[in-house]
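Here come two complexes built around subunit A, the first alongside subunit B, the second alongside subunit C.
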Partner chain A sequence: MKKTLKIKRFFEGISKGLSTFVVSATDLLFGSLQKLIGVKGMPYFFVLPNLLIFGIFILYPVLLNFVYAFTGGPSFFPDERPFVGTGNFERLFACESILQPNSCTEDIFWRAVHNTIFFVIFQVSLMVLFALITALVLNRKIKFRGFFRSVFFYPCLLSPIVVALIWKWLLQDNGLLNGIMTSLGFSRLPFLVNAQWAQFWVIIVSVWASMGFYTLILLAGLQSIPPDLYEAASMDGANKWKAFTKITMPLLMPTMLVVIVLSLIRAVQVFEVTYAFTGGGPGTATLYLVQFIYNYGFSSPNKQYGVAAAASLLMAGVLIVLTLAQFAARREEAY
Partner chain B sequence: MKVSKLLLLVVLMAMLLAACKPAAPVVTEEPVKPTEVVKTEEPEKPVETEAPQEPAKEPVELRFTYYADGIEAEVMRPLLDKFTAENPTITVVLDVVPYQTIDEQLPVQVETGQGPDLARITNFAAYKGKYLDLRTLVSDPDYYQANFPSPILSALDFGGFPDTLTVTGPYINVTLFEQAGVAIPGEGTTWQEWTALATEVAQATSTQYAIGIDRTGHRVAGPAMSMGATLINADGKFTVDTPGFREFVTLLKSWQDGGLMPSELWLVGDSKNNCIDWIKTGEMVMCMTGSWQINGMANDVGDAFDWMVVPNPTGAGGSTGVAGGSAVVAFAGTKHPEETAKLMEFLYAEENYSAFSAGTLALPAHKGVAESGVAFKTENPSVLSALSAYTAEVPKLQDQAVGLNVHPFAFAYYRNSANRIAQYLSGELTLDEMLINLQSDIDKAIAEAGG
Partner chain C sequence: MNPILEFLTRKRGRKKLLLSDLLSYLYLLLGVVFMFGPVLWLVLSSFKTPLEIVRFPPRIFPYRQQTVSIEGNEEELPLFTVTMENGITRELAQVRRIGLEAQMIDPLDPSEIVKVPIDKRVPVEKISFDLENYITGANRFNFGRYLFNSVVVTLFATLLTLLVNSMAAFALSKYKFRGRQTIFLVMISTLMVPLSVVLVPIFLVITRVGWNNNLLGIIVPVAATPTGVFLLRQYMLTIPNELMDSARIDGASEWRIYSQIILPLAKPALAVLTIFSVMWRWNDFLWPLIVISRSEMFTLQVGLASFQGELNVQWNLILAMTVLTLLPITIVFALLQRHITTGIATTGLK
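This part shows the complex of A and B:
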């Protein structure tokens, strides 16, 4: 007993000694630094690491992107690239009609733009709808609620490549789904090699993969609605539909706006899942903007950095607009 | 309290001592001399390190970025070990990477000066101006220049050598032909006739797919040239809208629409898709690919069925495959040009080159080795027959079929043609639109690359 007490005291002593040392050393270090750069300089010192990371990995590449977008040639080094002004943008917009990609010099770019718009409209609509329904169901007092919440959130934890491969194995020509269909006497369906089917499945897979995240946000929004309002409405004779349309939806709208804007941004950026799932095919049916940029800037043996950079700046413009909309929605929510 | 004060004192003293210590550890952290430390620690050879007459050579590490279609890396490793045994101061690190890395990342690495000392590549034009000129570094430049085709050495700026010679040509599943009771035709059969025969075999044996071709413009070029296409005109420029090219692409569309070819082969993915996967599993009767697949066929098919390589089908333009192959190259950015050149010289020496060809079952591009003959390490009759069949294809190659792979803008044609043909096969583009767009893609890519 006495021995145990001794050991305990010894370790307490070590712990105290260490903390005294850490405090003294920190005090010594930051005290000297503060003397050197002054109290006003200290905040800058603390944000410096983050600023460096931001500068090197975000700001510098963004600036470089501008350089590439206004220069041409095959060289990777900015100083070896001749200035072409708006040439790369002009090339992207050289169209008789942007509604007909075949009439454009960069027809693939416009196919990617059309596909992205189509994808954004349908994916975001379905995503918000399913996320809302799921959140409403999970907000009720159902059995195994915790389990179901985990089940719906689980796909969000998966890597997009894993999601794509799982679904590819299910849907490819010799995949599980076609195997079941042929064993039941039906003929195979061209899930990934028919343009309409491929577009349909890309939307379904991306909704499945990221719905859980938005469900969670909506669920938080639903839970923040005071239950007294429903009780009062019920006492006033409002049915469930009326309560939903007159209480739930109006109070959930700020959260809905955030969800819509966030999912819009994510949808415009779609890449990993579709790249691994269909590779942009069949033809260019599921080729979206980010993959177009990737193909031109990275995967093509004849890399066209200028065109890729110009396309990425245009996409950045769209994303900035959407982000501003998100800020506005948040401000709305705050009020 | 006492204990804590004592501990603080001990820690501070330890820090003080550490700070006052001379900068010796920095020496051990020097990355360029890692083996020196090991050498001095060797107990059995202390005299060597003290020998004052001849200063010991600095140990050098060479990095070799390598991709493999089959067992090339396994065959290369013992050769590199042999080289290191002969040159103890030079170690070679073989970085085996996927082909995609060679295709997409290596050019950027080399351009930014972050590339390896050597690499195995297929896109010769991607490194123009970045090769290490071996003629001034190897002991016998005449031997080097005399033993490899000069167009390839020129395409490589004399910075490497072709380690394999490849030829495109079709494989067939012989067992399925036998089961269907269909005789295998010989030289002079057209693509249309082969299509009909393969379809007949597939129907008779309930095989899912009759015929297929790899998803790349490289493989399409041979059949198109056989049908009379002049892909590269007299000025050395790409011309895709020719009757021969139209004829083969139309035939390809009929394979796609008729369900003779797996739709996923051409329609899913932007990457290189190979029909070899289907023929290996017995799901396809005929697959148009190339000689580099021999090893894979031998290893993966085993004795599941008999297979063979048949002569390239004939058309208005004759019968031709397309030449190709990989090359081992050295980069000018290397910090060890002499050692790199020494390794290159070792690898293309007749004995070692022959060992590589024999082990990988690859056709040699080395004249001396080809003349001496290669003792391929196999007794598999299908492999030996395939090697003979591909060797017989070499003299039949059209000039443009040899020139395509060393054309400085070949890759502008390869990838773009695959993608545009896929659009045509999926119904996105008509044949005319596809040809116009493809020509435009190639022209734009060449213009962008300064051609």
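This part shows the complex of A and C:
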């Protein structure tokens, strides 16, 4: 006991000494910098590191993406790429009808667009519905609320590859689910081999992996509704259903809006989980937009950077509209 | 009403458990099965033997055949329950199998060899959480190396994120300077453009900087998170400026104000950002996948993805390594769950 205390003191002493040293050393260094550039210059010094990283690794690539989108050829280096104007976009839109991917030059792009729209519609509505129900249930006077909340949130912590492996293991031909099916007297189902089933499970898995996050936001929204409103309503003789439709839903609406827009933005960008889970297959059944961009830019043998960049600009356009909607929703929430 | 049922359904305040309460608990119970069942199934399966893992329909618990060591045999012998011709069952160990016949011995009396048709014996099995898969897997999977890389990336990326984001947030919240609005707006607007959309140009930048296959390539580019700046700035706005003014009168430098006054006061926001950053970096998959191609630089996530492709069929090892990969973040979550869930609820970030 005494010994551990001594060791603890020793380490405390070291860490204290070290931090005093760091503080006074940096103070000396940046204090003299301040003398050099003046108090007015210091804010620039403070934003500089962040701005440098941000500029080089985010802003510059965003701008470069425009260069790729308007140039053609197989070269990876922008200065070797000939300007083609809107050629890449024209190529993407070279269709008899965009409703039929087979009639397009870039048929896989349109398949990815269709898949993404299908995925977004079903995934977002399922997720918002279940996140709302879960939040409403968790907001009741229930026992072990903390435990249940954690259980629903836990899958959000898992990495995409872990999520994918967990579900692949569950759904494979000899997996648990098929085991349950056969023991109930049904035949085995081709969960990951059949296109429709794969599309279905991709939605379920992505809801599983991210629902907890939206549940937490909705729960926070529900808990911010003042309880005396409900008391007043019940004194006025309103029943539970009326209290729900007249108090809970209207007051939760701003949070709901944020949740809907956030989940829309995330759903449009779906990639990591599906990449690890189905790899876009079978065929192109679960190939979504970001994976199309990834495939064209990184994994296909004849890489078409221009087409990939053009597709990513189109997608960024959609995302910007959605994000502006989110800001509008947040502003509404603030009032 | 049945008094026992009445007792069981009694609640404080109200007399009886309402139907809606029952439905709530039912929903939560189903929720637990749906949310946690797949993970539990993964963990249980990760202890199964290669034979057990391909068994269909699968059994829930990881059974393992019992073995005994008998003098004169180098390896442990598998135990079987054998139904003899006279109808008596005996527990015998199998020495070898020849065609449809097994040569077996009684562990208690190893001198005599009994010949048994193989369809008359049933393996003696016991639920066992043997670590064999974990040990074999860790040897082939280079777990230590990947873990080391993941820890290095998570640790340094988080420290760097905290430092550069808090400095920027300090400048953006506490000073009026030319370009402040522009910087803030540009940062916020790139919140909209996810990394996944600019994969090709960002890869070009990494190549030009020479950070392919370098951990720096997955530590630095993601450090300047606009979300982090935004979160910290909003928090620092609530810290009164008077504190800074009085420190200035006492002759403190701006850096001293930042490091000695603002940072300690912003601890709650820094804690939330730390949690997020650890979660983001630990689970990063797409970015390391693009930047890193040499296996000794793999993080756990990329390593697991390539391990899965490489072995393809050996599920028992893949599952064990998956459990090892999710273990660290699960432990952190178990310890900090309250802080994590409330942090997310109040900031709306993930």
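In the analysis below, the second predicted complex is superposed on the first by the 304 of 335 C-alpha atoms of A that agree within 3 Å, B and C clash if a C-alpha of one lies under 4 Å from a C-alpha of the other, contacts with A are read in each partner's own complex, and residues count from 1 in each chain.
Going forward, a residue touches a chain if its C-beta (ideal position, glycine included) is under 8 Å from a C-beta of that chain, and two chains touch if they have at least 3 such contacts.
These figures come from a predicted structure and were not determined experimentally.
Asker: Name the contact category of A:G73: first (subunit B only), second (subunit C only), both, or neither.
Answerer: A:G73: touches subunit B, not subunit C.
Asker: Tell me which touches more residues of subunit A here: subunit C or subunit B.
Answerer: Partner with more touched residues of subunit A: C.
Asker: Where does A:F298 make contact in the superposed view: on subunit B (first), on subunit C (second), on both, or on neither?
Answerer: After superposition on chain A, A:F298 lies in contact with both partners, subunit B and subunit C.
Asker: Which partner chains sit in contact with A:T245 here, subunit B, subunit C, both or neither? Use first/second/both/neither.
Answerer: neither
Asker: Of the partners subunit B and subunit C, which touch A:T134 in the superposed model: first, second, both, neither?
Answerer: second
Asker: Go through the superposed model and pick first if A:G13 touches only subunit B, second if only subunit C, both, or neither.
Answerer: First partner only, subunit B.
Asker: Per the contact definition in the header, classify A:F152: touching subunit B only (first), subunit C only (second), both, or neither.
Answerer: second
Asker: So in the superposed three-chain picture, is A:W169 touching just subunit B, just subunit C, both, or none of them (first/second/both/neither)?
Answerer: A:W169: touches subunit C, not subunit B.
Asker: Who does A:S97 touch here: subunit B (first), subunit C (second), both, or neither?
Answerer: neither
Asker: Scan A:T86 for contacts with subunit B and subunit C and give back first, second, both or neither.
Answerer: After superposing on A, A:T86 lies clear of both subunit B and subunit C.
Asker: Using the superposition on A, tell me which residues of subunit A are in contact with subunit B and, in the other complex, with subunit C.
Answerer: Shared contact residues on subunit A: 76-77, 298.
Asker: Quick one: which bits of subunit B touch subunit A in the complex? Just the residue numbers, please.
Answerer: 1-8, 11-12, 103-104, 107-108, 111-112, 123, 126, 262-264, 267-271, 409, 411-412, 414-415, 419, 422-423, 425-429, 433, 437, 440, 444-446, 448-450
Asker: Using the touch definition from the top, list the residues of subunit C that touch subunit A in their complex.
Answerer: So the residues of subunit C touching subunit A come out as 20-21, 24-25, 27-28, 31-32, 34-36, 38-39, 41-42, 45, 54-58, 163-165, 167-168, 170-172, 174-175, 177, 180, 183, 186-187, 190-194, 196-205, 209, 220-224, 226, 229, 253-256, 258-260, 279, 282-286, 290, 301, 304-305, 308, 315, 318-319, 322, 325-326, 329-330, 333, 337-338, 340-341, 344-346, 348, 350.
Asker: Which stretch or stretches of subunit A touch subunit B in the complex?
Answerer: Against subunit B, the touching part of subunit A is residues 9-10, 13-14, 16-18, 20-21, 24, 72-77, 102, 105, 107, 111, 172-173, 190, 192-193, 195, 278-285, 291, 295, 298-304, 306.
Asker: Which of the residues in subunit A end up touching subunit C in this complex?
Answerer: Those in contact with subunit C are residues 23, 26-27, 30-31, 33-34, 39-40, 42-44, 46-47, 49-51, 53-54, 56-62, 64-65, 67-68, 76-78, 133-134, 137-138, 140, 142, 146, 148-162, 165-167, 169-170, 174-176, 178-180, 182-183, 208, 210, 212-213, 216-217, 219-220, 258, 262, 269, 271-272, 275-276, 290, 293-294, 297-298, 305, 308-309, 312, 315-316, 319-320, 323.
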